[in-house]
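Chain naming follows the written order as A, B, C and D, and within any one chain the residues start at number 1.
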């Protein structure tokens, strides 16, 4: 028994969703779950296969990425999670994957254009692709800097992490987040679907236009606005 | 027990086909089943995961989209279903999905060309893509207007909804229908397959010609004509 | 009990492989199994879902496509099977599907180029695509003529049906065959894989060359030549 | 009981991973497991379906490809395995597949460019594509020469087989290896994923640049360098 059992359980369950949703090969992904009151988060141990995971194997880390509890080494991406939790206070869970289509857009270093309502149901803007990091950032504290690369991208573009819950890191892969770990996983699956459809859309029509502004607003508001009428 | 149990059961069973056929991610789809005598239809509740659905959770709505029975809020696309049931009297079921390939064609704002007999077995024409809606329609009663956008597209092109049971709504996604909810689901799966094959066909041969008229007629008639000889 | 039970069983088992191998949606495919001594073949009934099939539902037909035994109507493609059995005496089984990639090549009206050893392990030539049929053939005895369209294509190109066990019918879809129904199904799956890889090959390198002659011969002979050393 | 039981078991288990990972159709793949002390390896029998495999059916062969134990004929690719084991002493297992995307790159005769960190986590260079073999090599001892074609490619490019554990053989298909059979299988799955993403990357951005040098080094070192911090 530990005071962290609830976030270990949450992190475990959210991690196990990744292979079910087809978002990871082997161990190429990780989810974390935060407890804001305790100032720590639970994250997948590094390199452990999903079939061998259990809630007890989750590692507890604080927002400076210092180990707090657990026998295993935490995910190699732990510092990126820590930075985002520290600075973006509304986040309850973070997901990192190398899902096929989202990663291809990251490798291509392009934002994912907003082509339809599937995208607009979740975002009012193109999915941002942060530029590849500078050599200084890479050779420095790499995973720590990855968090700042993401935040800088949002700052420069004037994006709000509470409205846009996904990003591509150029040359690398996607990160998503949400109020809960489950919502963050949901966003990873949505991003992969959007990424797939956007590629197909350009293949069908090279000149496909971005979604018109009226539809962007309408679809986002019916799911997320003050008068939203989607869901229960 | 309710006088609507039969359409709740039908709607439930048809909705559960969508994830099995790979046509939906999470809750991005809905099916309805009509009772013409009672003037109502049963439809999926909004935002409820498929694994939590049951016949009793289906919502009963009339053709003006007024709630008749049920504790949950109906699908946010309910008004589109209502409009189509009201004006197209031969329809017994309606399906809306964001299936990957059909949605990509909708986002690309292109009709799906009739390239082969798989298509001709079900339609004698390209799958129509209704243009994106006007800003007035979008900011007005959006889902209600979506129904009219579909009907207007059929009117302008001289299409008969009894022969062509599928449409793409530009920038949005597909709708299909049929004499029964099961047939409407079948049409959604066929549309997704046709959409996939048409994209591949253009990738293999940019100058691939539309199917010749004689084959279009032959294949459609052997399945649907007065002397049809497909099926039992 | 019937003297045809053995081919009903064979046809049933081979048909059930199609959905397992991902080669059919709904009922868009059929397999037949021949008994040369009795001069008949067993074939899937038309439009019956795979989950409802049983050996007893297979229909027995002779080489002029006349019904011999069975309560159900045979596949609408039965006449094509009959023609091929009648004229190509070495065939033990025939398969017709609308599998995604092979059908896309048929719709694009292109032969599938021999790009690699996966192809050469099974064929020494491009997979032939018979041209779309003439209007006369289509408006005549369509499925009967489809068989002749296939045979004419082989005649004109000097191909031997015992060496090349697959064909695309332009605008339509693939047919495969083999010494046994199981081999014919195997060929359908191989064709689908070859069709997928060939499309990808051209996407990766628009100028990808055909396989060199020495490799074509080597790979075919190691599987099929007099000194073959593949398998047991 | 045999002194080779341990490598038969290893080879069996590794072979059974191939269909689970979606890397083989029918019998188009094989894995071997070596015992350096005994100077032999266990390999899949030729043409035997995966569902019929058992540890006892594995064939024991020495580094000159001479049969040592087993009732079945070994894989037709056995000589390629033997050559690689003989000359590359650090290898514990070898895998050959015709997996879809990797084979497409081999058919296109192109190296797979290093576009992102998924690739860099495993390799610091493009995945090499050995040129198609000369007619002399093909008509000679083909599978034996395939091993030399792979080694020559590494020699000419100055690659170390301990760092780059995968290769495409032009016009043919991929081979991978590793310290253990399990690692070799892992590499086959990683290669297929990299191959898929690289194709998509070029489709999204024809001018996508190779990964910058600093990221290549960083990602490889965090998994494989002396100060690696990935895994347990």
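The rule is simple: contacts are C-beta pairs under 8 Å (C-beta built on N, C-alpha and C of every residue); 3 or more make two chains touch, one makes a residue touch a chain.
Bear in mind that the values here come from a model prediction, so they are computed numbers and not experimental data.
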{"item": "Identity of the chain that, by mean CA position, is farthest from chain A", "value": "C"}
{"item": "Same or different contact residues where chain B meets its copy chain A, judged by the half mark", "value": "different"}
{"item": "Size of the rotation, in steps of 5 degrees, that lays the CA trace of chain A over chain D", "value": "90"}
{"item": "Chain A and chain B, separation of their C-alpha mean positions in angstrom", "value": "33"}
{"item": "Distance between the centres, which are taken as Cα means, of chain C and chain A, whole angstrom", "value": "46"}
{"item": "Numbers and ranges of chain B residues touching at least 2 other chains", "value": "203"}
{"item": "Pairwise touch network: line, ring, star, complete, or other", "value": "ring"}
{"item": "Chain-chain contacts as defined at top", "value": "A-B, A-D, B-C, C-D"}
{"item": "Complex interface listing, chain A residues touching chain D", "value": "25-26, 28, 45-48, 72-73, 76, 98, 100-101, 103-110, 132-133, 135, 138-139, 142, 171-173, 199, 202-203"}
{"item": "Contacting residues of chain C [partner chain D, same complex]", "value": "115-118, 186, 189-190, 193, 196-198, 200-201, 203-205, 208-209, 211-212, 214-215, 218, 222, 229-232"}
